[in-house]
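Note that subunit A is present in both complexes that follow, paired respectively with subunit B and with subunit C.
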Partner chain A sequence: MLDVALILIAACSWIAAALLSLNPRSDERWSRWLGIIGSILASASAVHVLASGAISRLEFPFWRGAARLEMDGLSAAFLLPLHLVAGLGVVYGKAYWPLNLPKGAGRSLRFQYGLLVAAMSMLFVARHGLLFLLAWELMAISAFLLIATDHETPEVRRASWVYLVSTHTGTALLTAMVILLAHRNGGLLWLPLPAGNSPGLDAWILLLAIAGFSFKAGLLPLHFWLPSAHASAPSHVSAILSAVMLKTGIYGILRVSALLPSIPWGFGSALLALGALSAVYGVGNALAQRDYKRLLAYSSIENLGIIAMGVGLGLSGRANHDPWLVALGFGGAIFHVWNHAIFKSLLFFGAGSILHATGTRDMEALGGLASRMPRTALLMFPAVLAVSALPPFNAFLSEWFLYRGIFSSLTRGYPWSAAMALVALAFTGGLAAAAFAKFYGILFLGSPRSPVAEHAHDPPRAMLLPMAALACLSLGTGLAGVLLLPCLDRVVAVVAPGSAAMLALGLRADMRLLVGAEALLLVCGLLAFLWWRRSGSSPMSEGPRPPTWDCGYAVAVPRAEYSGSSFSDAWAPLQLGLKARIRPITAIFPNPAVFRSEFRDVVGEMILGPRMERLAVRLLRFRGLQPGYLSIYILYVLLALLGAFLWMFLRGRLLG
Partner chain B sequence: MSPDFLIALILLSNFTLVATSRVNKAIQIAVIQGVLLGLIPLAMGLGRHPHILFMVAAAITVKGWLIPFLLRRAIKEVQIHREVDPYIGYTVSLMLCALGTGLSLILAHVLPLKGGTQVILLVPAALATLFTGFLMLVSRRKALTQVVGYLILENGIYLFGLLLVEDMPMLVETGILLDLFVGVFVMGIVINHIRTAFDSTDTRHLAELKD
Partner chain C sequence: MSQSLLSLTIQWVLHLLTLLLLPPLIPGLINKVKAVLAGRSGPPVFQLYYDLAKLARKRAVFSRTTTWVFLAGPIGTVAAGLVAGLMVPFGHTGTPLAFEGDVILFAYLFGLARFLTVLSALDTGSSFEGMGAAREVAFSALAEPALFLGFAALAKASSSLSLSTMLLGAGVGSGRIAGPLILVLVGWAIVFLTENARIPVDDPNTHLELTMIHEVMVLDHSGRPLALVLYGASLKLLVLGALLLDPLLPRAPQAWQNWLGFWVGLGVLAVAVGLVESMTARFRMTKVPQFLIAGILASAFAFLLLLV
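Presenting the complex of A and B:
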């Protein structure tokens, strides 16, 4: 009761913050503090639930029936990252998108932001079909308006429309799912379903849920809205979209599957394969991007793919009654949800700082930022390591769970999907490291490729502080993974009812070993650094800083530097959307040589885009029905009326 | 006076309306029709209910005085006296109106209505008036005559409402009247704006606003 009440208060305070920020006379500080207080309350409640495993619920009459808000481990597992990122995002947004900016509407941005957070808070505690859909829709629409914040740009408008259409397609599927669920359950309340005699219906429910929720989660064929939407939104909004809103899809799949008495055969492997495909596709395309926010968005597809792999593993464990696999799969997925929320919001905050300082999203125009934005560079480094799943940062541990799960499923006789997933996961990790080497290398190292990069500077403290908090969390979660195992067990117990707590026992030895190794590594690194500082009365410390070493050439020409394309060139066959045009040098006195590359998303822009445009042209024919004359419209009404009369007249005759 | 007689007069006024080309005359007939409608509850012998009496008074005031006043003012402002070239000519309109009236007689027969009303012509007349209103709206070009069509349409709805007059709360009736008044009021303003924007009150020009 108390925990749910706290969440409700948090949601109300976010709504109040949203409303307050609309009032032009009110001080912005108030609404910011309201939001932060809401986040602290909600986080406290989520931590309490995770630490104690208590379930609290609130029932109230709603629409000719009872509705229920319930706070259990699974809700808490998603509410915690939501309110962490939302609270930090408010602090960040203060400096990133000030109220008095000439472009864009700072007020509407703050309003929608509060609304989005409140809607998602309600979404995670709603246990009633209609309530869930309402919260879902509120979330979708406020996210749409947030993406369209910078709506003066046509590209942003287009991105937000594509998002709106795809989210509503997903909602249509989810509505069907809710109806089927209500049919199966005899009411809109989401209670655990009794074991029924209609496995077909259960399979349909799960299928619709996976299809509808993958639109939000950005799994492979339904990801096309994601990159441009995330690239277009203001950076702290991209952070919350990527860190939490995409996860609502995962939450939905977990929640609905937890309601079902048993998982139909094949869903686990299919989701595992889908996740593996998304991961490889996402990271392959991330490598190809020039726009660093788009790169991060593609990396979100990759990470959601990894999470989906965990969910798939857990589902196949449930279908085969294998509690160890269930624990590893669901536990790994939830853990990766947390980790991804931490490092991806850090990355987006960092990307926002760079955008704030330079005003461009083009990597090839930047470079050498490490010496101009040293704090940002330092804070981004943990995130880059974490996203590549390197120790001692957090994502390393969650991927460890998945590796363990896949290996154990290999030994237990579901080899094909597991073998494929293993290869895909390893491949993804490697490519992610390459993509983020490119990201960090091109942005921060080398020398500036354009004047905007030359005059970049660190952002104000309000933007650095949230990043610092996230960086510490990323390292802290990596080092304190052992302590989280019991919490994960509690969440898994909600996702897979009736499974025993196995993570705390089974993985303790692993985690201790890993954390010990990580700590050793850190200490060694720290010692080495201190030794280098002490011994090195290096020339670096005196005089002006020399330019980046450039292969012995005396005059550094930024144009001759490594570019982003040089990083990703080797992987070009993997990047189906990348088209390169080269005019090679042929003669002794050659024409100017040209290299041009262009990226288009395979599903969204190469397959769906042209088809949609053709469809739109075809649908133009129906414009003839709208001539603009009032009389014609009234004629339509009259014809409809006459038709209705005629139907009534004939119905008796025809049907007897 | 029996209500059937009044209803017959209303039907006749429908025909006259469709066949007339003068705007002024059309308004006059609409006024007559409105007043006749207002009198029907009295003719049905419902004068003993105070709320019906109030409704009669309100209907006659709004339809017999307020709306024609607004329309005449609009005529004075825009200086339009004739509907010159309607989409559907007067003869054809008349025939369509007759067809519609015949159809309404048949339809009223088929409609699954609750029995109990003594006035047999009420439902067919309501449908016929509705149809006439639609016909006016569709076939006329000038905004003013379209407003008259809208009035007739509302009259049809009102007539239909009389079926339930004893049960219908006053609020609904006054709601309809208010709706009508606001509709005519707004259209009066719109007519003036159409004229200033396009130099004519021909609604064809509104098609230019299409996206």
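Presenting the complex of A and C:
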């Protein structure tokens, strides 16, 4: 009871913050503090539920029946990252998008942001079909308006419309799913379904849920809205979209599958394969990006793919009654949800700082930021290591769970999907390292490629503090992951009802040694560093430093530096949307060389885009129905009402 | 009890000493073999020890474009190599650090070392180093699946995810796995040559920056950081070499025999690398991915053989 009440209070406090920020006479500080207090309350409640495993519910009459809000381990597992990122984002947003910007979008941005957080808070506790859909819709619309914050740019408008259309297609599927679920359950309340005699219906419910929620989670091939939407939104909004809103799709799949008495055959392996494909596709396209925020968005597709792989493993474990696989799969997925929330919001905050300092999203115009924005560079370093799943940072641990799950499913006889997932996960790891070596290397290292990068500077403290908190969390989770095992067990117990707590029992000893090895790594690094310091040759202590040894070429110009495109050139076959044009050399004294490359998303812009445009042209035929006269529209309403009445009268006679 | 504790301590001390002191000998041996085969007398076997001692006394030079990231590469390489070396068994002699799933940490530690090396190469702002970094990243991403498929095959055969059990366990020596094991070792030999930047993938002695992979990434390091880079590279030779040797070494009844067997095996491996380097030329850069895909296929076939 108390935990749900806290979440309700938090949601109300965010709504109050949103309303307050609309009032032009109120001080911005009040609304910010309201939001932060809401986040602290909600996080406290989530931590309490995760630490104790308590379930608290609240029932109230709603629309000819009872509705229920419930707070269990699964809700808490998603509420915690939501309120962590939301609270930090509000601090970050204060300096990132000041209220009195000439564009004047500051108020609507703050209003929508508060609404989005409140909607997602309600989404995670709703246990009623209609309530869930309402929260889902509120989330979708406020996210649409947030993406369209900078709506004077045509590119942003387009991105937000594509998002709106695809999210509503997903909602249509989810509505069908909710109706089927209500039919199966005899009510809109989401209760665990009894074992039924119609496995076909369960399969349809799960299929619709996976299809509808995949739109939100950005799984292949429903990811096409994601890159431009995330690149166009203000950076702290991108952080919350990527770190939490995408995960509502994963939450939905987990929640609906937890209601089902058993998992129909084949869903686990299919989701595993889909996740593996999304992961490789996402990271391959991330490599091709010049826009660093788009690169991060594609990396979100990769990470959601990895999470889906975990969910797939867990589902196939449930289908085969294999508790160890269930624990590793679902546990790894939930753990990766947390880890991705931490490092991806850090990455987007960092990207926002760069955008704030330089005003460009083009990687090839930047470079050398590490010496101009030293604090940002230092705080982004853990994030790029974490996103490449390298020890000792947090994402390595969740991938370690998944590897163990995949290996154990290999030895237990579902080898084909597991073998594919194994190769995909290993390959994804290598490619993610390549993509983020490019990200960090081209943005922060080397010498600046343009004047804007030359004059960059660190952002104010309000933007650095949230990043510092997330960087510490990233390392801290990596080193103290053992402590989270019991919490993960509690979440898994909700996702897979009736499963035993396996993680704490089976992994604790191994994980202690693993963490010990990681600590040893840090100690070895520190010793090597101290050994170097003892030589007394610090780069700072010297006078003027020499230029880089470039084969003796002393006046290296930044234009000759290795660019991001050339860095990822070796992966051209994987970067499906990348088209490069080079003018071939024909004469002995060739013309000036030209190289152009452009990127278009294969699914969104190559396959769907042209077809949608053709469809739009065909639909123009019906334009005549929309003449723009109010009287005609009233006639339509009357006709529709008449039709409905006729149907009600005639239904009994027609159907006998 | 005290007897076993004593022998355990001796094992650990020997393991640490081998890990810390032996690595620079391996490149020396390889170079000696190459020199002898080419009819030269070549540098002494202990040349790398002398080099390291010399570099430790030298002052490091830092270019004006570099930042602290420039140091992360050398330091990370050595730290990751040392921790990985604690997890890999040196023959049938016991491992200081073994747990289920250590094989994943092992593989990702090399990933960490590579990532940091690549970043410190990009930190110099030189296009040559950028080129080397791009190649290193590309080739190692192809080497990764070969390594992992080999691990998957051995994990399937030994039902374990711990390096020491996988490489030396009871199942590994049996007849059923002999065929797959050969394929895995072929795949891993390719990984070994790639990761250590040896011929035919990369030429450690090349003098043209345009054709280098690993060497060009560390052009700017000097003094103690360069010493760390060289030491880290030799450490990688030892650790990955142990990975390759372990399944081949027979189990001897006495501990000292096992140690002797490992050291001799390491010498043989160094000679073999020297022989390969003397007899083959390096591939054209465009052929390298094909070579690596051959490694992936070898490991994949091994894995498939174990599935059916």
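Keep in mind that, in the parts below, the second predicted complex is superposed on the first by the 600 of 656 C-alpha atoms of A that agree within 3 Å, B and C clash if a C-alpha of one lies under 4 Å from a C-alpha of the other, contacts with A are read in each partner's own complex, and residues count from 1 in each chain.
Going forward, a contact is a pair of C-beta atoms (placed from the backbone, for glycine too) under 8 Å apart; a residue touches a chain by one contact, two chains touch by 3 or more.
Owing to the predicted nature of the structure, the values given are computational and were not obtained by experimental measurement.
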Partner contacting more residues of subunit A (subunit B vs subunit C): C
Which of subunit B and subunit C A:65 touches, first, second, both or neither: neither
First (subunit B), second (subunit C), both or neither touched by A:400: second
Touched partner set for A:411, first subunit B, second subunit C, both or neither: second
First, second, both or neither for A:266, with subunit B first and subunit C second: neither
Partner chain in contact with A:429 - subunit B first, subunit C second, else both or neither: second
Touched partner set for A:390, first subunit B, second subunit C, both or neither: second
Which superposed partner A:637 touches (first subunit B, second subunit C, both, neither): first
First, second, both or neither for A:628, with subunit B first and subunit C second: first
First, second, both or neither for A:531, with subunit B first and subunit C second: second
Set intersection of subunit A contacts, subunit C complex versus subunit B complex: none
Residue ranges of subunit A touching subunit C (in the complex, touch as defined): 367-368, 370-371, 374, 377, 381, 385, 388-391, 396, 399-400, 403-404, 407, 410-411, 415, 419, 422-423, 426-427, 429-431, 433-434, 436-437, 440-442, 444-447, 509-510, 513-514, 516-518, 520-522, 524-525, 528-529, 531-532, 535-537, 539, 542, 544-551, 556, 558, 560-562, 566-571
Subunit A contact footprint on subunit C (complex, rising order): 56, 59-67, 69-71, 74-76, 78-80, 82-83, 86-87, 97-102, 104-105, 107-109, 111-112, 114-115, 118-119, 122-131, 133-135, 137-138, 140-142, 144-145, 147-149, 152, 155-156, 159, 161, 209, 219-220, 223-225, 228, 303, 307
Residue ranges of subunit A in contact with subunit B within the complex: 626-632, 634-635, 637-638, 641, 645, 648-649, 652
Residues of subunit B that touch subunit A when the two form their complex: 87, 106-107, 110-111, 131, 134, 137-141, 146, 203-204, 206-210
